[in-house]
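Presented sequentially are two complexes of subunit A, the first with subunit B as partner and the second with subunit C.
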Partner chain A sequence: MPEIKVTPLGAGQDVGRSCILVSIGGKNIMLDCGMHMGYNDDRRFPDFSYITQNGRLTEFLDCVIISHFHLDHCGALPYMSEMVGYDGPIYMTHPTKAICPILLEDFRKITVDKKGETNFFTAQMIKDCMKKVVPLNLHQTVQVDEELEIKAYYAGHVLGAAMVQIKVGLESVVYTGDYNMTPDRHLGAAWIDKCRPDILISESTYATTIRDSKRCRERDFLKKVHETVERGGKVLIPVFALGRAQELCILLETFWERMNLKAPIYFSTGLTEKANHYYKLFITWTNQKIRKTFVQRNMFEFKHIKAFDRAYADNPGPMVVFATPGMLHAGQSLHIFKKWAGNEKNMVIMPGYCVQGTVGHKILNGQKKLEMEGRSTLDVKLQVEYMSFSAHADAKGIMQLIRMAEPRNMLLVHGEAKKMEFLKDKIEQEFDISCFMPANGETTTVVTNPNVPVDISLNLLKREMALGGPLPDSKRPRTMHGTLIMKDNSLRLVSPEQALKELGLSEHQLRFTCRVQLHDSHSDSDTLGRIYTYLKSALKNYGVQHLPDSTVIVESIVIKVTSSPEEPNLKVILLSWSYQDEELGSFLSTLLKKGLPS
Partner chain B sequence: MDTSSDEADDWFIDSLNTYKDLHVFQLEHPTKVIEWTGDKRICVAGYTGARSEILELLLPLKLYAGDNQGLCAERDFKVQHGGFSEEPVECLIHIPETRFVVTSGGSSPALQIWDIGGDDSDVIKRTGVINPKSTSAKCGKIASGLTENPTVLHGSYTSDVQLTELATGRVLYTVGNESSDLVSGLQFVNACVFLICTSNGALLMGDIRDPLTCHYPLKESMSGLHWCFGLRTSSSQSDPSLCTIARLSSSGHMVLSDLRDLQNPFCQTQLNVQHSSAKNEFLIVSWASVLDSCLSVSGFDGTVQVYNTRNWSTEAQTPQPVFSHRGHDMSYEAKCSGSRPVVTTHAWHPSRPNTLLSAATDGSVHVWDWVDKTTDT
Partner chain C sequence: MKLYCLSGHPTLPCNVLRFKSTTIMLDCGLDITASLYFLPLPLVHSPRLSKLPGWVSKDGAVNLEKELKECSGRVFVDSQPEFCLPERELLDLSTIDVILISNYHCMMALPYITEHTGFTGTVYATEPTLQIGRLLMEELVAFMERVPKAHTATCWKNKDIQRLLPAPLKDAVDVCSWRRCYSMQEVNSALSKVQLVGYSQKVELFGAVQVSPLSSGYSLGSSNWIIQSHYEKVSYVSGSSLLTTHPQPMDQSSLKNSDVLILTGLTQIPTANPDGMLGEFCSNLSMTIRAGGNVLVPCYSSGVIYDLLECLYQFMDSANLGNTPFYFISPVANSSLEFSQIFAEWLCQNKQSKVYLPEPPFPHAELIQTNKLKHYPSIHGDFSSEFRQPCVVFTGHPSLRFGDVVHFMELWGKSSLNTIIFTEPDFSYLEALAPYQPLAMKCVYCPIDTRLNFHQVSKLLKEIQPLHVVCPEPYTQPPPAQPHRTDLMLELQHPPMAYRRCSVLGLPFRRRYERIHLLPELAKSLVLSEMKTGVSVATVSAVLHSKDNKHVLQVREFQNKPRPHASCHGTA
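Entry: the complex of A and B
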């Protein structure tokens, strides 16, 4: 039976290291290659020994697909391709290809320079890895080889995030990566057509969450900023160039306008250039509203938001500043942080996850004293706020996605099976599909039942319909006779006559003749009459006829009676039937061999 | 997609000052029940389909982070346990000190007993059924007994109210009342004394040690109205002198009585609400768990109104709410579907003074902590 195998490679049950292996139609695909941010040793990498104990992965994998640029989905990519070894194609969308190397390099610098790690990929490895990347466009089918094709769908979540469909012949798998079903200020909602994959693979953590609305998160952000500014404090918001920054800017701009606030808002210039650059490249990835705005004016021509100058950080009074980098690990945001950290009226708002080793990570863990370069310590007295704006689907969203794609089976990764029984029941009952929950390292095998499409000839169809009644009638199944012709890549069902004609063959008939001897003193015609009466009562469900030409017909079987002049009491009953009536024919001959009732 | 309207935007901006915390959630199916099953957990259940989900949800951790609230980004509900009910769930109550809940719904007075479950499984399993001998086709109201032995008080009409022992299904007590009024609510005041409120506003007080009940109808009968009640006690084994009962009618009449003198209510007033007889099933009046003299009202429309009854006098007047939660009206879903949502139920947080939870017909569930503008603190 054809089957698809799925094995999540991430260690432990926790989210943080997405790497899923799929075997379909003889092809092996790796979906995402994430790093687990909580570990410092080899546990942070996926366990590639599952693929092969030693040696390079190239011959074992047909391709690698990366869903988006978050480190828990691409952080281990350079390690996999350059340190373990893989030279095949790596697929990702254009924005992911542009942003990935930047995040990987940042991450590498922090881990190696700040934390002094040695078993880590180098800057050159990141470059070499990216050379293997083949970019994808949305909704465009890409042939990886003659049999394997892939297609990217819009996932929302972050710029460039994609859900991927992998297809070999008639079997397919869709992997969602991270996605969200409600649009936000700068990204649309995930969308997929009714592609009916054999398996839909998604994260289980979504399904057990009911997410607070976007507006309430924004409200919390505005409330905190407003309170700080009202008391004369300064707000620092470290951001990465893209995505979240734009959204928060739009939000603040609208708020400032409405409340007629006067405190200045600044955006560091490095950020502006980078952001504009990316937006120009990837305008199709954002939602309608942003596109309209961008067309009308430069992304950052806000009424209330101005370009930042290093000197402003020392200005008295309230202000809000957006600065890079996002984890406070270097550069301008760290510089400003050092200046403002000592004042409890100030606030720093971290809008996302921070990698271990960064100042951002430390303050989010409640650290109040930080060791800076030159052995100086920094007292952290300002208010630290951690806000999660990342757009994820939830329990309702997962059901919506299943409704959209109509998969035949569901597979959820990163969950504990015994704690997911309710969800499994829910999916199985609402959609009548199986739901699988493999643990890391565990392989799920799904048997697929691919449909084989066969064209039926018009003649055959007409003939069936002429027999009466609507088709198909599940209460009265009928046997249909036809011939299946497999030629080139097509399968057709045609009538036997047409098949013979096409193949240039003439039809042969096969008839069986059987002689049964019977002792009977009647005349031939009387004996025939007795046979007729007997069969008529014995075979009530069949058409038995006595014809004037001295034959008895049962369905299509012909019965004659003869006798020789020397022995008039020894009758010979001749039965003749075509091979289609073989069963009835042999039944009749056996019956008549037993003799006639007197 | 531009999902906001100006009114909704204004309300959200205002909310920065009017609420300390605000969380807005969207369930797949609307719920009519919000019942506390633990310090941080609630149960909700569907009532709109043949197959209804019962969910136990863990409240967002951010609400409990105290001084470290800033460092906790967790704003979401977590689904801890879930189960399926073949009947829509109209009532759901939790048996204190246990992991059991009892539900009623559909067109029979039968009750279902469920085990929410512990850490090893996330499935809410049905463990039993109580089949009262009543012939009515109405689902019953339920209240938890307050004795160590888990019991439930239930019934749809005053003539069929009974106390059933959960473990055995044994009927321990039946109300000896001839009249057959529709029950709108019932609750234990302490381990032995209970109150029943009928749909026409009368109160019945009984004691499980005594089959007879005392009947206290309303002085002026206001026909055509539906009444519900809310009981304020300071603890489960309380002294009856500390009990206040609020009765609310579907046209906004409010009657406050002291348990010591149910014959003569000490306050009657008229709230400024829109009368709509179509929503009797959602009518709720509920006393605050921590705040003194505060009660809340919902079921008339998409709002929850909080009142401070301390300054209400016996004269007829129209009191103003100290707070009105309009969140359900202002939600995106409401705008889209055409018909305005109606609040189906609400509940006060057991320990946080100003925190409430509310749910509406559009499936929304809100957790909100309102700011009291009437006091100077």
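Entry: the complex of A and C
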């Protein structure tokens, strides 16, 4: 029985270090290769020894596919390809290919230069890793090899985010990566056609949330920023350089413009301008409105948002600062946070999800005292606000995607176990399909039951379709007789006559005959006439013929009537049919046994 | 399988393929050369063009002085320029299911096909093809609507009158089917029927046929198309290039194993080498500028102009042209320059890698930033106050019959210091210049046509080995002007099937098989018996379901006897 196996090495009942192995039709594919923000030890990367204990990655994997540039989806890529060792193709979209190395380099710098870790991948390794990348275009069918094909769909989540369909023969799997089912200020909504995959592997970050309207969230956000700025406070918004940052920049920019506000807005790190440049060049990946107007006004040229300098953090007066990274686990955002945390006039707004172990996660859980490196503690007096702006599908969105793709099975990753449990029940109830949620290292096996493709001779097909009337009538299924010839790995279905001819065989006919006794006080020919009339009305869709040689013929079935001179009223009806018409023949004999209508 | 040929023009094709109950139109090119029979449309009042004498036949019997004007020793139609459309009578256009577009030059007749014909199908094109095609249509409409003509000349088209007219008017063919330009509303409506596709995307048509665009290397988003079922494969090759210019390189290997290959859009100037022409373009340009003259480059607003600008970008400093202003004037100049920068996925590797830096892929961004290249929607407005001479002007339309170029012809034509450099291969430059004669201006003909030449195409065909080749008739014989050049025609082992306008070709196909799926239960129930070594046979009795051109066989269900009509009579 053909089967598909799915094993998460990361993101199984967890958010972080997404890495999912899929075995389908004899091919092995790695989906994403991310790092975990919550750990600083070995657990930060997926456990590749799962594969390497049996040999090299390159021998095992047919390809690696990266869904988008967030580090929890691509952060382990140079480690995997250059340090563990993988030389096969790595697929990602153009924007991901452009932006991913920059974030990797950033990550490397923070880890190696700031934290002083050794045994980490180098800048050269990032470059070598990127040389193995093959760019993917949306909807393009990429033939990885003769049998394995992949296709990318728009996922919305961040610039260049993609969902991928993996197909071998008639079996297929769709992996969503992270996606968003509602268009926002700069990206469109995820979309997929009714591709009916055997398994749909979906993220489930917001498995239990149904988010209120986006407009409310935006209004709330603007109100909070505005109030804090009005009372002279500072607002820190930890973000990742690319993604939500641009969304919130567009939001604040338009608000500042409309309200004519003067407080400065800053964007930290040198990435700003570069990041916005990517958005300008990959404008075809943004939403329709931005694409349509970009010649007149490019939404990514900001008037109110300036580059941040470290020294500005100590400036008096109100300001808004976007700083990286988004989970307050390192870098500039953490640096600024430490400076501002002691003042209750200030505010930090967490616009996205924070994984366990990060400062972001701790303060969101209401922790008021933080232990910092070197045993010092930090009092958190500033206001902490959480506002979900991360562009993940919520429960409603996930259900919507299932409706779009119509999968035969569902598999959840990239979420918390408890929330997954809830969604799993919901999916199984609503769609009546199996839903799986394997933990890391646990394998889910799904048995597929694919059809067998066969070449049918056009003559046979046309003959059959013609018999069914001008249009094939699905309401009245017809039995078709053919001969399947298997030769040199090809399967051909031809008419029995053609098969006999081709194989040089002579035909043997197998006929059944049957006698039915019936009392009828008419002459033989009248009885036959009555049988003819009866069958003609009973079998409206069949050709019933009354031949001059005193026979009635229905398809291959021959009907005759005889009687002995002794008992002229006891008629013996002779029925004879070929093997192929066994069904009709036995039906007719049963029918006639019941007698003729008076 | 049949091919209906609605256009005989080899580079502006329009063919319709009937294949497995689908009707597929391949391109709909618009032949704009018909506009050469018309007087130019001046943007600014031209005393010369407004005082032309009307035409009356020598014996005075035919008087068309309102419609025809004598200009530079020839007779032109004084009316809004018209275009020659694809044939519309050969088959019912409302039966067309889909239109496949190969590049933005080959879609200009789209509104004539999709509007007012009952067309209800879908048009497939890549995103750059759609966006740039839209710009070119917008430009065409703007050129026409900026200079409205009070009346339309129709009398001269009367067959009995036309044959009395002087050449070349009397030899113009199919004049009755010539049409004026469409409106913006029609353009929008036509383009709303376009569905975007990416290279190598597989699009299913009614479950019967699969179509897929492949990169053709000719222009941004340009494609060849594969039209195939499980057993038959037709390749449609249109406007392809093997030269390394800005677009993604041509995908050749996917064209292999075709049963039929329809070949159109080869180079129109097989004797000119594009690289040589580019060199000549640069040297003529700098010579004129150095002598204090102006250079006029009539061109389309997208395509080769990007390469010309890039070439000048590299060349201008070494040639001391650093201070010469370059002007690009077109209603869509800005959009065209902006759009060219956002299609990284569709560009050659070299340009793609620039976007990763991130830098704009084309250097014209830098030319604009440093004020070396300026673009204007028209000669009116800012341009008139900012314009400095000597300069280089890129503007349309290359037919010299409409657009801002008409003004520059009137302005600069009288001075021998100035030069006009023709780079577009679509129009005979002598014909284009006819209404402006006598000219003092220097004329240089540097046609740059990057499409496949005969040498390249025969090499390509050897490699991909299609069973049959279909091509426009002109490709099967040497050019009429050079009958001895047998190298300038297609020479194949099996002679190609040639078509001309209005041909209907039966394509040599014998379909013998169709794909059918056995449901797993049925497949399991089959008993194979080996008849000879390697040949096994099983008899199949199963129920056939056909839906949306997909066929499925499933197990007969005996408990549900298919005899619905039997119970209708009482039994004795």
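One rule holds for everything that comes next: the second predicted complex is superposed on the first by the 305 of 598 C-alpha atoms of A that agree within 3 Å, B and C clash if a C-alpha of one lies under 4 Å from a C-alpha of the other, contacts with A are read in each partner's own complex, and residues count from 1 in each chain.
To be clear about the criterion, contacts are C-beta pairs under 8 Å (C-beta built on N, C-alpha and C of every residue); 3 or more make two chains touch, one makes a residue touch a chain.
Worth saying up front: this structure is predicted, and the values here are computed from it rather than measured.
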{"item": "Subunit B versus subunit C as contact partner of A:P316, first or second or both or neither", "value": "neither"}
{"item": "Contacts of A:Y386 with subunit B and subunit C, given as first, second, both or neither", "value": "first"}
{"item": "First, second, both or neither for A:G374, with subunit B first and subunit C second", "value": "neither"}
{"item": "Touched partner set for A:P565, first subunit B, second subunit C, both or neither", "value": "neither"}
{"item": "First (subunit B), second (subunit C), both or neither touched by A:D394", "value": "first"}
{"item": "Of subunit C and subunit B, partner touching more subunit A residues", "value": "C"}
{"item": "Overlap of subunit C and subunit B interfaces on subunit A (superposed complexes)", "value": "none"}
{"item": "Contact set on subunit A toward subunit B in their complex", "value": "183, 188-189, 207-213, 215-217, 219-220, 222-223, 226, 255, 258-259, 287-289, 364-366, 383-388, 394-396, 399, 418-423, 425-426, 429"}
{"item": "Residues of subunit A defined as touching subunit C within the complex", "value": "94, 97-98, 135, 137-142, 151, 274, 277-278, 280-284, 294-295, 449-458, 461, 464-465, 468, 472, 474, 476-488, 492-493, 496, 499, 503, 505, 534, 537-541, 580, 583, 587, 591, 594-598"}
{"item": "Of subunit C, residues touching subunit A in the complex", "value": "127, 197-202, 212, 230-231, 334-335, 338-339, 341-345, 352, 355-356, 358, 360-361, 511-520, 523, 526, 528, 531-532, 534-547, 551-553, 556, 558, 561-566, 568-572"}
{"item": "Residue ranges of subunit B touching subunit A (in the complex, touch as defined)", "value": "1-4, 9, 12-13, 15-16, 22-28, 51, 53, 57, 60, 68, 70-79, 81-84, 120-124, 365"}
